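What follows is chain A paired twice: with chain B in the first complex and chain C in the second.
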Partner chain A sequence: MFLFQLRNELWKLFGKKRTYIGFLIFVLGQTLIVMLFRFAAGPGRQMTRLLELNGFSAQEYISTLTVATFMLFPIAYLLLPLFVSLVGGDFVAKEAEDGTLRMILARPVTRLRLLGVKWAAGAVFALFLSLALGVTGLTLAALGFHWGGLFVANPGEPFSVFGPTAGWHHYVAAHLMLSFKAVTIMSLAFMFSCFNVKPATATILALSFVFVNSILQNIPYFSDFTPWFLTYHLDLWRQMFTQPVPWWKIFQSLSLLAGFNLTFFVTGATAFFLRDIKT
Partner chain B sequence: MIELEKVDKFFGRRCAVAELSLRVPRGEIFGLLGHNGAGKSTTIGMMLGQVWPSRGRVRVGGHDITMHRTRALQKVGAIFETPVFYDYLSGWRNLEIFSHYTAPTSPQRIREVIEWVGLTGREKSKVKTYSHGMRTRLALAQALLPQPELLILDEPGDGLDPEGIHDMRETVRRLHREFGMTILFSSHLLNEVEQLCTRICVLHQGQKVFEGALAEATQTRNWVRLNTGDFNAAVQRLQQNKLITGSSEGKFITLADGVGSERVVKILVEAGLPVFEIAREERTLESFYLKLMQDNAAAPLPLPPKN
Partner chain C sequence: MIPIHRKAILTGAIILAAGWTLAIGGYTLAGNSRMSVEKLRRYIVSVDIAALSADNRRAAVDQLAEKLNTLTPDERHRARIECPWTRWFPTLNAPAREKLIEATLPDDIENMLTAFDYLPDDLQRRALDESLRRLRADQSLIQTNRELAPVSDDLKKELLQTGLNDYFTTATAQEKATIAPLLEELHQMMETGAMFRGRERF
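And then the complex of A and B:
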C-alpha cells in the first residue's frame, strides 16, 4: 500500500508542468555557465593562471569534470534551495488550498501515513534532482570540454586536484551528499507547509530560514558557532572535494542532518495533526 | 450509522457547533439543512475526522472517529460542494490516486464505476477538460470506488445546472435503491431535500433546531386556513361545537378528528359569520424551514469551555 501511495505522490509531482519548467531553468543555468566558460575569456583565464601558478597543466585540468563541478556551486547555493523549497512548500499547503486534501482526508488514511508518503516522495524527488543535475552538468560540460582531471577551487578552502578516475568518484559522491542538502531543505519547507499557511508562505519561510542561517554563519562574530548552523552541515557536499576527505566531519553532518529532518517532520506532523481541515 | 453525542466545536471563541446530538440510521437518506455558516460543513468535517470536536463524541459505523478513524471510514464515500481533482492528470489516474488511500483497487473495479457514472470514453482525458457535470460524476466515482455503505454529500448540487441537479437527484435515488446505501445529504436546496430525504436535521447557528422524519416536518395536523369576518368569534363558536382542537396565528384552525370543512362552514354561516376562504394548509419544507429560522433567530450561542 505504501508503495502504491508513494507512486501516486510521484505521479502528482511529475505530472505537473512546473516540475519540468523548474528543471529546465536548471539546465539553462548550466548551459549558460558552460558557454561562459567556453567562450568568455574571464573564468577560463583565471583558472588557467591559478593552475599554472601552482605547477599544474591547465590543458589537463580544465576539463569536463572541472567545468561540471564549477557550475555546481551557484546551483547548489541558489537554484537548488529555491526549487526544493517550492516543491516542499507545495506538498501539503497546495493540496489544502486546492481542496484535494479534504478529498484525501475523507479516506481511511491516517494523517501520519499521508505525511510519511508525501515526505518520502519529496525525498525521492530531491535525490532524483541532485543526481539529474550531476548528469546534465556533466553532459553539457562534455559538449565543450575534454575528459580529464578535476580541479576544484573550493571557496574558503585550499584548492584540490584529482586525476580523472578519482575526480569522477568525488564528483559522484558530492552529488550524493548534495541530495542530503536537497532533502533537508525540502523537509524544512515541508514542515512549514504542514501549518495552516499558503504554499508560497511555506516556501518563503524555508528560504528565509536557509538564507538567514547562511548570512549569520558567515558573520565573523559567529565564527566560533558555525557548527551550530544548519547551513554549515548543508555544505557537506563540498567536503567531498577536499583532500583528504574529512569523513568524520561528514558523518557528523549526516547524523545532524538526519536529526534536523526528523525534527522538521515531527514538528510538521504535530502541527498537521492538530489542524482542522476545512475549505 | 452516524452518531453525534453532545458535540461542540469552537474555532477560537467562535462557536461553530453547539451541543449537537444526531443519529443517522442505517439505510436512510438523511438531509442536513441550515443557512450558510450554520455548521453543516463543520459537522460533516467532524464525521470524517477532518475537524476535531472540542467536546463530545462522533461515531461512524460504530467506531469512534477520533480514536479509530481508519476503521470508521473504511466504508464511507464523500463528495464535497466543489469537486476538485488533480486537473493535470487524467480522470482514471485521479481515481487510482484517491482509491489507493482506502485500499488497492483493481482496474476492473475502476472501469465498472466509470461506466456506472457514465464517464466511459473520457476517463483517459485530463480532468481540466471536464465540464462541471463531468467533474461531479468523477467525484461520485471516487466516492463509490471503496463500495461504501455510507455516502456523505456536502452540497453536491452547488454550481450544477437544472439538468445536472436532476441527474444528481436520480443518482442518489439509484444509489439508495440499488445498493441500499445510507446517504447523508447536506444542501441549501430545500426542494431537493424534500424530494430525496426521509429524515432531516435543521441547524441554526450551530444548534440543532429540528431532527425527525420529513413527514413530521411537513405534516400539518389537520390545519385549515380560515378567512372569516371575525376569526376569534369563529374559533369560539367552533370550539363550543367541538369541531376544532386549536387555533393559531389568527388564521389557522386545527380540525378535530373526523371533522370536514363543510361542517365548519355550515356552523359559521348559521352563526352569521361570513366565510371568505377555507382551505387545507399544505406546509412545504420551505415554509417549515423558514418558520424554524424565524423562531430561533435570537438563540444565544454558548461560549468556549474554560481550560
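And then the complex of A and C:
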C-alpha cells in the first residue's frame, strides 16, 4: 500500500511543471559553463598553466570528467539547495494553501502515513536531481572535451588527480553522496512546510537556515566550530574527490545527517499532528 | 491518561533521543576508526620485522603503506617528515628498504619529480630553499626522527646539479630516505599550489 501511495505521490510531483525547473536550470547553467570554457581562451589557459606547473599533462587532464566536476562545485553549493528546498517546501504547505489537505485527510490515511509518503517522494526527487546533475554535466562536457583523467582543485584541499577509471568511480560516488545533501535540505524545507506557513516561506526558511550555517562555517575565526555546522556535513560529497577518501569522516557525516533528517521529520510530523486542519 | 497532544510531543522526543543516541554512536565509532600517527607508530613498534619471513615482511610493509595512505593530509605530512618506519631499516636488506621508501612516498611523486625538473633553475633553487626552510620549521615542532641525517647544503647543490629526478632514480636506499622528507615538503608545496601562488615570495 505504501508503494502504491508513493507511486501516486510521485505521479503528482512529476506532473507539476515547477518540478522540472531545477533540471532545466542545471542544463542551462552547465551549457553556459561548457561553452565559455571551450571557446573562451582565458579559462583553458589558466587551467593548463595550473596543471603544467604541477607536473600534469593538460592534454590528458582537461577532460570530460574534469570539466563536469568543476561545474559541479558551484551548482551543488548554490542551485541544488534552492531547487530541493523549493520542492520540499511545497509538499505540505502547498496542499494546505490549495485547500486539498482536508480532502486528502478525509480519506482513511493517517497523518503520519501521509507525511511518510510525501517525504519518501521528496527523497526520490532529491536523488533524481542529484544524479541528473551528474548525467547532464557529463553529457554536456563530453560534447566539447575528450574522455581522460580527472583533475580536481577542491577548495581548501590539495589538488587531486585520478586516472579515467578511478576518476569515473569518484565522480559517481560523489553524486551518490551529493544526494544525501539534497535529501537533507529537502527534509529541512519539508519540516517548515508542515507548520502553518506559505510554501514560499518554508522554502526561504530552509534556504536561510542553510546559508546562515554556511556563513558561520566560513568565518575564519570560527574554524574550531566547523564540525558543529550542518553545512560541513552536507559537504561530505566533496570528500569523494580527496586522495585517499577519508571514509571515517564520511561515516561521521552520514551518522549526523541521519540524525538531522530524523529530527526534521519528527519535528515536522509533531507540528503537523498538533495542527488543527479541520476548522 | 496523557492528553493526545502531550503524547505526540513525548513520542517525538523519545524517537529523537533514541535516534540521536544512534547517530552520536555512529559518529564516535567512525571517529575511532580514524588512523593517526600515534596508531601508525604503535603498529611499527608492535611488528618485530627481524623475526618475520620474507613474505610476512612484504605483507607488513604493504600494511604500513596502507595505514599511511589512510591518514589525513596533515597527519600524513607529519608522518612522512618523521618517517617512524626507518626503525625497521637495520633489519631490512637494500631492496626491502627501497621498497619500504617507495611504498611510503606520495603516489604521484614521479609526476612531481618530472615537473620539478622542468621548472626554471632559479625557481628550482628558490623552491628547494623554501622547502628546506619549511622542513626545518616542521621538524622543530614535531618529534624528529634522529636516525635521519638532515639535508646538507652540499646535498642541496648536488640535487640542483644532477636534477631531482635523476638523483632520486640513482640514489641508494639511505640517500632516498634522507631526501624523502624534503620531497614530501616539495610535494606539498606543489600539490597545494603554494609554489604557483606564492612565486614572488620565494
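The rule is simple: the second predicted complex is superposed on the first by the 277 of 279 C-alpha atoms of A that agree within 3 Å, B and C clash if a C-alpha of one lies under 4 Å from a C-alpha of the other, contacts with A are read in each partner's own complex, and residues count from 1 in each chain.
Keep in mind that, in the parts below, a contact is a pair of C-beta atoms (placed from the backbone, for glycine too) under 8 Å apart; a residue touches a chain by one contact, two chains touch by 3 or more.
In this text, all values refer to a predicted model and were calculated from it rather than measured experimentally.
Of the two partner chains, chain C is the only one that A:Pro244 touches; chain B does not reach it.
A simple residue count on chain A separates chain B from chain C, and the partner touching more is C. In the overlay built on the shared chain, the residue A:Phe159 is in contact with chain C alone; chain B does not reach it. In the superposition on chain A, A:Leu256 contacts chain C only, with no contact to chain B. Judged by the touch definition given at the top, the superposed model places A:Ala41 against neither chain B nor chain C. In the superposition on chain A, A:Arg107 makes contact with chain B only, not with chain C. Looking at the shared chain after the overlay, A:Val266 reaches chain C, while chain B stays out of its contact range.
The contact surfaces that chain B and chain C form on chain A in the two complexes overlap at residues 274. Note for the complex: chain C touches chain A at residues 5, 8-9, 12, 15-16, 19-20, 22-27, 29-31, 33-34, 69-70, 72-73, 107-108, 111-116, 118, 188, 190-193, 195-196.
Residue ranges of chain A in contact with chain B, taken from their complex: 1, 4-5, 8, 11-12, 15-17, 98-100, 102-110, 114, 274, 276-279. For chain A in complex with chain C, the residues that touch the partner chain are 49-50, 52-56, 153, 157-159, 161, 242-244, 246-252, 254-256, 258-259, 262-263, 266-267, 269-270, 273-274. For chain B in complex with chain A, the touching residues are 11, 41-42, 45, 48-52, 69-74, 76-78, 80-82, 84-86, 88-89, 93, 96-98, 100-104, 142, 146, 152.
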